[in-house]
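Lettered A, B, C and D in written order, each chain numbered from 1.
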Amino acid sequence: MIIHDVICPFCGCLCDDLELECEGGKIIKVQNGCALAESTFMTDTRLPAPIRRTESGWEEISYNEAIKETAEILQGADRPLLYGWSSTHGEAQSVGVHIAELIGAVIDNTSTVCHGPSILAIQEVGHPGCTLGQVKNRADVIIYWGCNPIEAHPRHMSRYTTYATGFFVPDAQRERTVIVVDTRRTDTAGIADEFVQIEHGGDYAVLSALRAIVRGKASVIPAKVAGVSKEQLIRIAEICKTAKFGAIFFGLGLTMSRGKYKNIRNAIELTDELNRHTKFVISPLRGHGNVYGSNEVFTWMTGYPFAVDFARGIAFYNPGETTAVDILRRGECDAALIVASDPGANFPRAAAAHLAKIPTVVIDPHVNATTALARIHIPCTAAGIDAAGTAYRMDGVPIRLKKVIDRGYPDDAEILKKIYDRLNGGKGP
Amino acid sequence: MRVILESKVRAKPNLPIEAEAIIPRNFLKGTDLLVYEGNKERTLSELFWIFVEGTAVSPENIEVILKGDTSRIKRVGEYMDTGSIVIEGDIGMHCGNFMSGGTIEIRGNADSWLGREMRGGTILCRGNASHYCATGYRGEKKGMQGGKVEVFGSTGDFCAEYLAGGTVHIHGSAGDFPGVEMRGGELIIEGDATRPCGNMKSGSCVILGTVHDMLPTFEKTRQRVLPEWKITADVYKGDVANRGKGTLCVRS
Amino acid sequence: MKCILNTGRTVPQGVSVEHKGADVYRTIASSCFLNPVDMMILGIEDGDRIRVTTPTGHIVLTARPAEGVARNEIFVAIGPYANHIISSETHGTGMPDFKSQRVDVEPTKEPLKSVGELMEAIGGLRYDHT
Amino acid sequence: MTEIWVKNACVIDPLNHINGEIMDIAIRDGRIVESVSDRADVIDAQRCLTLPGGIDSHTHVSGTKVNFGRYMSPEDMRAGRTKRKGKMHVTSGYYVPTTFGNSYRYSAMGYTTLLEGAMAPLEARHTHEEFTATPHQDMMANTLFDGNWAVMDAVREKDVRKTAAVVAWTLKAARGYGIKLTNPGGTEAWGFGEDLTGIHEMVPHFAVTPAEIITTMMRANELLKLPHSVHLHCNNLGKPGNYQTTLETFDIVPDLNPDRQTLYATHVQFHAYGGGTWKNICSKAEEITSSVNSRPQIVMDMGQIMFGRTMTMTADGPMEFNLHCLHHNKWSNHDVELETGSGIIPVTYSKKSAVNCIMWAIGLELALLTKNPYQCLLETDNPNGAPFVKYPEIIGLLMSKRYRDEECATLHPETEKRTSLCALERELNWHDIAVMTRAGQAKALGIVNQGKGHLGIGAEADIAIYPIRTDSVDPAREYRKVVEGFQKTRYTIKRGRVVSRDGDIIVDGANATFWVDAMVPEDLKMENDPEFIKRFEQFYTVRMSNYPVQDVYLPRGRRIETEVFT
């Protein structure tokens, strides 16, 4: 059986033009997808059944037992942490928020170690952006800053930017100028018309200099800024100002390096300044398939996109204080529920280590590094493979992930609802 | 009147305590106050040994003294308007939030967000203060608007972010981005600083130590003798990237 | 040699990300890319092991040359190897220094650890499954 | 079977010509019936003011833009936080509250039906997700067509039938309710950073004018027999001197429908400015209302502003950028491919600002100068002019000259010179307010026959009982009591269930979403049009098969099917 227009749930591009061939409940061929999509669908090995860590090692347990014990762990906690959410659908995320609100937990999603700083910047200065089709149809200048789409978002350039045929840009490769800014000469830098190599940690200074130049204050700028020549900066500023439609995409090179959200704020303010000359937009390249969805769901339910603390009954938000890494590193939480993510692998050691000291429950289709740190791991469906649900693309476009096969696992939203019901004395949300 | 609060040993010492109830005014009516440990409500006496010495008829004569392990206690002195608080050791986050009057003295170190959105009064921190000392809240246009924060040690990053009024005086060094987004007030750093005053709009900043990674968008205007610090300083205007009209003085 | 540790996503890391117990994942996540000139100075060849140290701890990685990496910078795919030595300090932002950790790099003969071993080093118990 | 017997209600039900009668209302299974059994729950209304549930015919509460307003505003979120309480979830926010915050506060004010003012079809799924999390109001979504490429192509070809076909396909795909045009043509121009300055200016690259878009869409709307009319946010919003554009627009509106207006002009306060600069801006409310008073084919809503902090959010991207250049605060923009734009910035309306005071006065003038209250509905373009929780204050101002005078005394002195508000003696009565907050909306939106906006037999039992005794309160003098009374119902009944009591929600919500499935002849079905499909697949970034909103997003969808045209 061939299934058309399948959505790949791996990264924030949510490409929705895949063709899957299924046979006997198995996916046997993926077409149109990148290497990441192919491995997502083709080599999807799962934890077979719920497991529990005991004195003598791991043992299999039933779903009912696992759910009961999870509820007990959460019920007794003084500062539970609910973390992850970005690789599952909105339906599960929304139950997660209800659990957090019910038990006075901290709930955080993976943007905390991804584009959390972008959110902090947006909260200071806003976000002049657009859907990806605007870029595809109009942009004649594309800037990739501190990101490497060839590796992290392999089809971004062919679907939305550099190589995509757009209404006002029929000959994309000739009509689009691509600028890449990075500390490393990446493969993406290799295809750029202009590569700007910045010294480590110099992004903020370069962005400030560009803003000043765009404002006609080039005289203030020294001959070199963070390793970039003033001539090149002036040239870049000119390319931007004379663009018909410019688009900046940025990645973890800005969010994770020195200064964190201030880098992004500066990039947004450069975009703002350029809008006084022409049309310019800026967008983060979001990582996990539905990380933006977790921000959306958290926001309409709690008012905040991530790092929400319900300890006092109301929703409180203060990244740096209520973010997962900080809560773990300070050893604050006394129980953790990890859903659809792998902090064991993705958090600094000291933060991950705390998960092994407290009762941690993982709900995830796959065995991952966090499994080793957990007391219980409950396997579930993978959104977009054997579960349907809502995901939000990196530009905010909501897309319904398809269920393409059935592998007999329960949906994580169902598992979470059962946990909620137990916590709520048998009553639904 | 003197209220001494000595922290009790806790089963889970890493759990944060939120204790905005600890302000002098509240002790006029007794010590029957509520605080929070993690997601649980506690009475003050569950977490502290409480000793009261003397009496007071008005809150300005009340002194609150915190002893023991107080490093995880947040929001002490929040909305405080009068009286004084002395913390003998370290204090947790958000000490002196929205404070409008009175004095807080911290003999140890202060965690992040010391004096957040402060309006008036004085905070003295004898040790170091962590990140976001004397700043504002996420998304808000103004940080600290009045009063004085004096840190005798050093501070972490983003000190005096969005400073809009009042004085912040750091005797030691400040980390990355002190005075970032400043729009008023006065920031004095006697030690070193990295990338000071990024994107500043207005206000003034004096740095007596070494500046690392000076931003390229500050325009050097002149030299000036600063008699109160007994130095000659280069005077910069900026941040030019932001049409800013702030003043940044750096020892020549 | 003093360097800055940079981390990021790569296609091979992404492809194997749900198979963290597998050897292929270990190879990918424990590869450390250095500028060839830096490798010469360290006296190491492609495939040699290096010990990377920070105040948080140390980790053994496999050195790989990459022209695109700047001098005094090393690049490791995001994952448990890099995170073993990255500080959990977030500067009040929630975000650790995943791209600006200062490290010390030296050649070593020590063996590579598996992901399971790394997790066990912090109190975990591996669950063998690929 | 659930039954309620509301007795001793002082009912104003304009659509049924009831004005202040003391009567009983019988409710069975969500509808108003002749009588109920003696097992019915009894609510004694104690002669309090009882109205059909409130309807907001233009508010921004759900969807991409609204959520982005929340996302970028942690400082607002902390302004209105409440804990979980009984059936009520946690809420945050004052001017852009969380979905539950919106739903609870509207319900406390007696509102039971809301029209989300702007939904981009590409992002419709998001709006519907938030609708299900806004559980205490029936919802419907105005669907944006202002920069829709397929519509502009059909308009250029002067093909009303094709235009109608595109509208029908898109409404169905988006599960939308009606046609919304926001700065028609201007949002497309904004794609390259431009705007349009008048209704006869060409949209770049598309060779159509706003006037042509508006005219063709009005005809297509009536051809499709949509329940609501075209819902227009005029060009040139918020610019001094824009009243001329507004009047020119009103001039091209034919009278095509005997049952309701042909054009719904929204937040007209923002479109009624004289002068040429911010320095000499003045009110042109008299000119606007005299146009509306002579044109029954037009209904407008106020777009009242109230003083304080709020958030502006609209599909009108270029307007928001201009506003941003004045305010220098944070600015978000979100253009939607082939469809529309949007922008968001926070603002503070201040009594110290002459411009803000004049804006405030204009909104009230519009309401007081419009003769027929069915033609000027009460709203703030929530949250653009003010958060909806300010509606009771607006009601107070409209009912009391004294209240207005007291407010005027605190305003910038230019207000009196450049508006006529201080000279207006009119004080609206209870019946006028009932029209302007529910009956008028139901009629304008075309939902009277869905049982909305009235309390006749067969109507949906959406009822608001306010703690106001109209026989003993003099609104002209005791306006404080009026304001307080409208802030919190004693009972809000939604589809026959008491959902809110004295401001607290007491049950889980079970709202419905109304959407329109407009029928077109077989040869006009866009899903079979090869040219439409080709263009879609080429220029959108989602596949056409993944675009339509699936039924699972409307767990209680109420499909309204129209009659096919020929």
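Just so we're on the same page, a contact is a pair of C-beta atoms (placed from the backbone, for glycine too) under 8 Å apart; a residue touches a chain by one contact, two chains touch by 3 or more.
Please read all numbers here as calculations on a predicted model, not as lab measurements.
By CA centroids, point me to the most central chain in this structure.
Minimum centroid-to-centroid distance belongs to A.
Can you work out the whole-Å distance between the CA centroids of chain A and chain D?
34
If you average the Cα atoms of chain A and of chain C to get two centres, how far apart are those centres in Å?
22
Based only on mean CA positions, could you tell me how far chain B sits from chain D in angstrom?
Each chain's C-alpha centroid was found; their separation is 46 Å.
Report the inter-centroid distance (CA atoms only) between chain A and chain B in whole Å.
The answer is 34 Å.
Scan chain A for residues touching two or more other chains and write them down.
Residues 120, 123-124, 201, 258, 310, 312, 317, 319-321 of chain A each touch two or more of the other chains.
Where in chain D do residues touch at least two different other chains?
Each of 72-75, 78, 330 in chain D touches at least two other chains.
Multi-chain contacts only, two chains or more: what residues does chain B have there?
112-113, 131-132, 137-139, 176
Edges wherever two chains touch, nodes for the chains themselves; is that graph a line, a ring, a star, complete, or other here?
Per interface graph, the chains form some other shape.
What are the touching chain pairs in this one?
All chain pairs meeting the touch criterion are A-B, A-C, A-D, B-C, B-D.
Within the complex, which stretch of chain B touches chain A?
Checking each residue of chain B against chain A gives 12, 14-16, 18, 36-40, 93, 112-113, 131-132, 137-139, 176-177, 180-181, 195, 198-199, 213, 215-219, 239-243.
Given the complex with chain D, which residues does chain A contribute to the contact?
4-5, 7, 16-17, 90, 94, 98, 101-102, 119, 122-134, 136-138, 159-160, 165-168, 244-245, 272, 275-276, 278-279, 281, 295-296, 299-305, 310, 312-317, 390, 392, 396-400
Using the touch rule from the top, collect the residues of chain B that touch chain D in their complex.
Where chain B meets chain D, its residues are 137-141.
Under the definition above, what is the set of chain A residues touching chain C in their complex?
10-11, 34-36, 38-40, 43-45, 47, 51, 53, 57-58, 112-113, 116-117, 120, 148, 150-152, 154, 183-187, 189, 197, 199-201, 252-253, 255-258, 260-261, 287, 307, 319-321, 323-326, 328-329, 342, 344-353, 356-357, 366-369, 371-373, 377
Name, in rising order, each residue of chain D that touches chain A in their complex.
62, 64, 67-68, 70-75, 77-78, 81-84, 89-90, 92-93, 97-101, 122-123, 125-126, 129-130, 133, 190-193, 205, 321, 324-325, 330-338, 344-345, 538-543, 545-546, 550, 552
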